[in-house]
Each structure stands twice: as structure tokens, then as C-alpha cells.
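Next come two complexes, and both contain chain A; in the first it sits with chain B, in the second with chain C.
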Partner chain A sequence: MGLKKPMAVTLIGWALLGGLQPALADEEDNQDRAARWKQLQESLFPHRQVLDAGGIITVDAPPRALDAALVPVELHIAANKPVKSVYLVIDDNPAPMAAHFVFGPKADPRDLKLRVRVNAYTNIHAIAETQDGQLHAATKFVKAAGGCSAPAGPDDNAALADIGRMKLRLLGDFNAGKPMQAQLMIRHPNFNGMQMNQITRYFTPARFIRTIDATYDGGQVFHLDADISLSTDPVITFGFVPHAKGQMKVVAQDSSNATFDHSFDVPGTPAG
Partner chain B sequence: MRSIVRAAFVAAVALVAAVTLASAVTAPAEPEGFWNGPVNAPVPHTIKGGKLVHTQALAALLKRKNAVVIDVSNAPHRPENLPASTTWLPLPHRAIPGAVWIPGAGLGEPPPNLDEYFRERLAKATGNDLGKPLVLYCHQQCWLSWNGAKRAIQYGYRNVYWYPEGIEGWRKAKLPTTVVQPEGAP
Partner chain C sequence: MSANRYLSRRNVLSGLCACGFAGLTRAAASAAAAPAAAAVQTFATDEVAAGIHIRRGVDEDATAANEGAIANIGFIVGRDAVAVMDPGGSLVDGQRLRATIRKATSLPIRYVVMSHVHPDHIFGAGAFTEDKPQFVGHARLPNALAQRGEYYRMHLDQILGTGRSGPVINPTQLVKDQSRIDLGGRILEITAHGNAHTDCDLSVLDPQTGTLLLSDLLFVQRVPSLDGSLKGWLTELARLKNVNARRAVPGHGPTGVDWPAASRDLERYLGTLQRETQQAIAKGIDIGQAAKTVALSERNKWTLFDDYNGHNVTRAYKELEWD
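Here is the complex of A and B:
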């Protein structure tokens, strides 16, 4: 009896989402997606085997994104096996490798959040690389389209103002020796080279953050290799383990070889 | 239980019908010239000087007549200054079999050399026959094909078909596709 209402609601939702059309067309899509993932494994991880998630990693994103240029993605790593790095692949983006985080001794790799551009309905893969070199992939299907050509802002000059400005927000309470989360925000247009200037009708040249290094009192938290799929004004939420009060240093370099750096006090003054 | 499900089903069908009807009412009128607004937006239900064609009729048309099919979907623009470390691997582009893919030919204001390329490519594909059936498409709710069809009509083609359901409509009907490479002005 308790099933009635949810079923009816689901049915209406399903009908509204186009479920009344034949579902068979999905088969070809599924075949294409499997072929794409095979192609990506071969080109991004040549001669390596990509295993199932095996409970080591999960990836989460809204199934239907509100803004394809700002799709929030969360990666969760189980603490059951040491992980040295994580890759984020957006299968159907033309440059599919979005990010590669390499964790340092000061990292708490369990939870990572970032925002990406998504070009088409696509699978997103998060691949954990364990200390013994194995790759474990988790996947999530995301409905969003057009994120790659969406402009960085109303105009390019506005998007470039304050480039490199950083903020670090500490989440939760500081306890020496205990893991905590921090949210890093970097002002950067992250032009991906696929956006047309609305006035000149020329493509804005690519200019995006390629690397970010975060260190805590000289010990590496993470090194990130990023590519054109990170959203404008990147926001990255990550975990670290502060042994004592100290300084988080962040150095970012973009594809025009501009370097931006900033140091933040931890625990720091409220609301940096 | 069953009656509730059925009632829900009827309600859902009614809702879908209402939504469809509402979208039919809100379909925009044809602009005077080419459309320069957002590419992915509701499209009109008409094209002056041309004909709309829907999925099954298009499949039949392609069987019956030797029509020229042009896909004017955008291709992902490979940034000129992409670092060597970036893996650039666009998805294979699926098209209606036999289609010629000319990205940009449906822009409101294509670069002049692309306009010229489009004109010459159509002339070649039709064997300079302005009466030859031409089909233009891109995606669902995509103005590029409307613009492309309008452009072909302006070139003087008399049998221009616009297929607004696009490749999504084609694939939904389980019709065959092939992978094609883009063509364009050098």
C-alpha cells in the first residue's frame, strides 16, 4: 500500500521527462558510451588496466545540471586503501581529462569537490590510483550540455579583472592533528579556447590554470594538473591534516605561464 | 493499486499533452533575417520559402529521392594555443547517412569564406540543380539548421527541407547513422 504514491509520482515524473518515447534508442547510446570509455582508457591510461571502483572511490554530481558551465562534482575516497592520486575524466568533452590530483603527505584525500564544464550528456569517471599503482574507476551519468562554449562572463575584460586573486575558507573547526576541509577559490576566467567573444565573434584564446600546488608548512597537500574543463573561477574543496597552527601556501600557474600565489594562516582570522 | 497507476498514467499523458501544447503556443515567430540569438532555444514551426519535414517523412524522402542532406551542427573548436599536454579527442560525430557536415554554415553571420564555401559545396552536391531537394538539420531546438535552410533558400534552392527534430529525433527513431568528418573553408 505504501508503494502507491511514490509509484504514481515516479510515473508522472517519468512521463514528463520523455519516458513515453521509446526507451530502445538508449541502447545505441550505451554502446557509444562503452566504446568511448574504452577509447579513453587506451589513450589516457595506455597499457594499464582500469578496474572497477571496488568500493575505493565514488563520484557524485547532479544528474541534471542547472548550469553546464558550473557542474559540481564530488569525489569520495574510502579510507580502506591508500590512494596516491585521483583522475577526473569527462568522457564526452573534447578534452576529456579534467583534473589529476596527486596527494602529498599532508593530504586527507577522502573528499574532494570541484566544478567543471560539461559539453554533452556524458559519463563522468573518477579514477583512483592506489599506492600500489592500481586504477579504480567510478562513474556517474550527467545531463548537461553546452558548457564548453558558454562564455566566462559578460565580457572577457571583466572576466580577467582580479585574475589570480585567491581565497581560502576553512570548513569546520581547527584541531591540531585532525583532518579538516578547506575551500580554495581562485579568480581566473579559465578560458578554454572554445568560447566565442560575443562582440568580435572570434574565439577567445585558451588561458586556463594548469597546475595548483598546495602545501602546509612546507609539506605537500596536493598537486593538481588541470585542463580546459575546470569552470571559470575554480573552486576546489579538499582535505588536509594540520599538525599545528601554520600556513597554507597555494601556487597556481596558468597556460600563459602566469604564476599566482598566496599564503593563508590556519586557523586564520574568521571568514578570509 | 492498478487504477491509481492508470489514473496517474492518464494524468501524465494529459500533462505531457498540455506541455506540448504550451510549447506549440510559445514557438517563436520567424525572424526577418537570420537568427543571431542563442543557438539552443525554441525554434519556429515554419520557414518561409521552405518546408518542414519530420522524422518518418524524412526517412521516406531519403529513400524515394536523391536528396542532399546537410548537417550544420557546430564542431568543437580546437583552441589554437592548446598545450601539447592536453589530450584533444572530440567525440565521433554521428550524422544521417550520406550527410555532408559543414559546421558554421548555420551561424547568423558566418565568416565570408565559409558562406562562399557553403554556396559552392551546395552547388557541387546538387550538380548545380536549384530544384534538387536539400535537407538541413542539426539538433533538437537548434537554430543553426533554420539559418542554414534560410541561407539555402536565399541562394535560390526551391526544394529546401528543414528537419527541426535534428539528429536526436533521428536517433530516437532508431534510424541508422554514420560517423562523419567536418568540412569547411580552408
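Here is the complex of A and C:
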């Protein structure tokens, strides 16, 4: 991955307020970060130009995360130019490409929310890919550390017991034909392979959600390619355009090739 | 992870830069005393009930200046033996507790109760290994220590200085439901609780004096930190209020408080946290926004509120959104 700093050294997760990293010189870090992003662009988007956000996309996250293992990130896409996909890159995470959403015909891509792990003070880049193939990147600097290797919940077995359970909540008012937001929740520990059991000295093996497909009445809402950076029990808030009555089908597949699927009547799952 | 709530950066910085002469002098003194290993300092304790001695922790996060001595810790003296609860927030905190016990009594230290996994309560355990006591812990404590012990130690070392946090000590006597320990003429009742403040909380009742040692199942004045289950904590608290005790020892705050009256503030805080988080979820307010808006009516009622409340909300939200 071309990690800039080895995991063991990055002071990670010093829980809540972000650890001891701030002692590092900011100036130097800014240069490092620019170099890091340049390198990432070349490896993630070879031979393509990444343009400024240009008002097409913005990304928001708390400047100082309360919990590095659960950093809420919001992406907003302006409606003025059709966007076919969005990439979320967490520059200094061990696997920087956190998520790639490809929107289908049933999507309303304007607002997207997800929760991620952040391993070190880092830039987060959201890159919109427009229908004509241009890439536009927005940036947000986040102070959080340790979200990747911080111990997960106290009990790995308990975390696996409920795996694959799903909820879908509709947010706001339901009006057929009008775009609305829905929140998809999936029970999954999303072990990223970086949590060590201190007695056995083994790392809990990685097991995380790789793909999610949401379809509404047979039409794609989104396809998500994810990696180890999604938080435990992934929660994704997305937009779609409902009919008077329909079904949202969600299929998730994890790195152990387990498939979880669920169909939800829409409307029929009121918020709360 | 809420794992490290007591070791936050704000206080690392204040400990290193802003604590003034008192902190520096104390740190320097202990550093000088350490190699001699002869005169370990003692500290003042309150005798909250006959034979129950508690040191009040400072309402701060762990820093180099306070050397991790931020939790209420102490000991109970019986006819034949002594029990420790808790052993302290760092090796030196434990050593000072041991010296304090030795000044008070020469009875053997047979039990060291480790109330839960958090470092501010148990990293002093290493100071007692020479006494060969039973280290008493919740049946889930070994697992919690396996997940987090070394991680805590590494990070506490960053704050206190390398090697100063103390070793990770595993419990030798596990409590699954209830257990008793006999100090001679004084039998302590130990209860292993369901998921509450953490998933491995123990409380100790001394029926003789009607004293309930609750560790972090009870916070007074210092803002509670949630690292287990909000609903579980409220359940355990309701149960604990019915325990026949007139006095309690909280994990943080004054050393002795009236029971169950002193549960009121904690119960109100947790209730507010639950109610307002549920409301936020119902309204579709996302987790990040909820962390900024929930339970703010509690803000003036607790120390360190801003350092912990947002994290508590995040924790509560994650638990309640699946209901």
C-alpha cells in the first residue's frame, strides 16, 4: 500500500481526542500530505487528471473525531452536473480507497453519508466522477487517530453472532416520485485484520464487507465497493426516488464470501 | 473506541505544559525517589466506614503530573487480612497504595479486586504481586484485557513515561455471578454485573458497615463515561439502588456518598442520554449531529463534560439505533 508510516508507530486511536500525533510538525506534514495525495492519484487514477471540486462535490467530517473508529463522513453532490460514481479516499489509512459508489438509475446521488475508521491525522478526499468521465476532488482534513488498530468491541464472538442483520430506515417524508433519503444499517464486525488479541498474540482475521448492491424494484440504486475502512456495523445513508409502493433489495457480500440479503417494503419501514 | 477515555490528549498536553509547578515538583520528586526504592510515598485516605479507606482520585484525565492517580482507590481491613479495591491507575499509584496500607496495618494483602478493565483502576496491580494475593475480576475481564490490556499499557506509557504504567495483570479468581471473600470477621460480597459501564464491572458490598463499593458503576461530579451498554447500566443501577447499603464509594468523585441518594445525578444523566439519543434517532438526526446536541442540559452539572459527552452519545447512538 505504500504506507507512509508503519501502523505500529502511528499513534493511533488515542482514543477519543486523537492521541499524541499533534506533536508532529504541521508544516512538514502538510508537504507530506500533498506528496501523499499526488502519489495516491497516480496509483488510484492512472493517466487521469483529477480536477478541483469545482462546486460539484463537497465532503464534510468532524475536524476532530470523537471516535476514530467511527468517523461520520458526508458527501454532497451538486445537481448541476450528472455524476456516475463517487470515490472516498482516506489518504493515510492502510488501504486508502475506502469506498467507491456507482450510482444506478434509481439513485439520487446528491447526499451520501457513511461511517469510517481513520487511522491517523489525514486528508479525506471525495472524488466525483461525472458522466463525461471527469474526476473532481474535494478535501477535508480530519484529526483522528487509531481507528484501524484500536481494539474493537470487547467480544469478537458476540460481534459475529448477529452478523448480516439489516435495517432500512426512511428519513423524512415519503412522497412517491420525490427523492428521499434512506439509511441502511448492516450488522457486521468489519474486522480489518489489525486488532490483536494480546493473549494469543494473533490478529483477529480480517472479515469485512466488500460489496453492497441496493436495487429498487429491479433498478440499481447503487453498487458499493468497500474496503477495511468502513466502521463496525456499517451504516450508509443514500438517496433514491421511490414509487407509491416498491421493494428495496440489498445484497452485501463480505471478504469471506458470505452473502447477506434482505428485501424491504418501501414505504413500510417508517423512521424510528 | 471508547477504550481510552481517561488518557486523552487534552490532558496529556495540560499535564505536560500547563499544570504548573506543583506537577513538576511532584514528578521530579518521584523520579528522584524511584531509584532508591526505599521510601515510597504514601497518600491520604478517608475512612469512609470502619476499616474502609479510600483515596480520592483527581478529576482529571491521566497525565505525567498526576501519574494516573485519577480514580478512587483503597482498601478494606478485616481481622485477618486486607482486600484492595482498586489497585490504582499506574504502577506508582499502586506502590503508594501498598505503602499506605503497610503504614496502617501489617495484615497480609490477600485480595486485589480489579473492578473493571479501565487503566485508571487496575494498572497499579503490579505493585501487589509480591503479596501473592488473589487478583479478583469479572469472568469477562480476561477477555477484555486480552483485547485492550497491552494497548492501554503502551499508551499509558506514552503519557507517564516508558515503563511507568505497570504490567498487565490478569485476574486469578473470576466472578461469574456472585462470590464472597472472607477477611476474618468480615465477609465481602462481590457481584459481577451485566454489561453496564463496561462489560466487566464488579461491585463489592460490605454488609457489616452497609457500604457499597461501586467503582465506575457510580460517577459523582465527574461526567460518566459509557463503554458498555447504556440500557444495561440503567438496569444495573436500578438493581443496585435496592441493595441494602447506606453508603457508596464511587469510582470518581467524593470518597463516600449517601446511598441510594447519590445515584440520582448519574441516573438523570444516563436517562437524558437515552431519551435524547432515541429522539435524535427517531428524527433521523445523524450520529455526528447528535453528538453535538444530545444531553447538553447536563453540561453545567459535571466536570470534564465536553471531553466525554460527545463520545457517550456516539456510543449510545450505536446501541440504540438497532432497537
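What we mean here is this: the second predicted complex is superposed on the first by the 241 of 272 C-alpha atoms of A that agree within 3 Å, B and C clash if a C-alpha of one lies under 4 Å from a C-alpha of the other, contacts with A are read in each partner's own complex, and residues count from 1 in each chain.
Simple rule for what comes next: a contact is a pair of C-beta atoms (placed from the backbone, for glycine too) under 8 Å apart; a residue touches a chain by one contact, two chains touch by 3 or more.
Just so we're clear, the structure is a prediction, and the values are computed from it rather than from any experiment.
Q: Please work out whether A:R169 is in contact with chain B alone, chain C alone, both, or neither, and reply first, second, both or neither.
A: The second partner, chain C, only.
Q: Applying the document's definition of touch, where does A:G146 land relative to chain B and chain C: first, second, both, or neither?
A: both
Q: After lining up the shared chain so the two structures overlap, which partner does A:A69 touch, if you call chain B first and chain C second: first, second, both or neither?
A: In the superposition, A:A69 touches chain C alone.
Q: Is A:Q131 touching anything from chain B or chain C once the two structures are fitted on A? First, second, both or neither.
A: neither
Q: Which of the two partners, first being chain B and second being chain C, lies in contact with A:T237: first, second, both, or neither?
A: second
Q: So, A:A120: does it touch chain B (first), chain C (second), both, or neither?
A: A:A120 contacts chain B only, not chain C.
Q: Just to be sure I read the superposition right, which of the two partners does A:R187 touch: chain B = first, chain C = second, or both, or neither?
A: Touch partner of A:R187: chain C, not chain B.
Q: Return the residues of chain A at which the contacts from chain B and from chain C coincide.
A: Touching chain B in the first complex and chain C in the second, residues 11, 14-16, 20, 22, 146, 196 of chain A appear in both lists.
Q: Contact residues on chain B for chain A in the complex?
A: Within the complex, chain B touches chain A at residues 1, 4-5, 7-9, 11-13, 15-16, 19, 40, 74, 76-83, 85-91, 94, 109, 171-174.
Q: So in the complex, the part of chain C that touches chain A is made up of which residues?
A: Contact set of chain C toward chain A: 1-5, 7-10, 12, 117, 140, 142-151, 155, 158, 168, 198-200, 281-284, 286-288, 291, 307, 310-311, 314-315, 318, 321-322.
Q: Taking the touch rule as given, give the residues of chain A at its contact with chain B in the complex, in rising order.
A: Touching chain B from chain A are residues 3-4, 7-9, 11-12, 14-16, 20-22, 24-25, 28-29, 32, 36, 39-40, 43-44, 92, 94-97, 119-120, 145-146, 148-149, 192-194, 196, 201, 203, 205-206, 210, 225, 227-228, 255.
Q: Okay, in this complex, where on chain A does chain C touch?
A: Against chain C, the touching part of chain A is residues 11, 13-20, 22, 61-62, 66-70, 72, 74, 113, 115, 146-147, 150-152, 154-155, 165, 167, 169, 171-172, 181, 183, 185, 187, 195-200, 233, 235, 237, 271-272.
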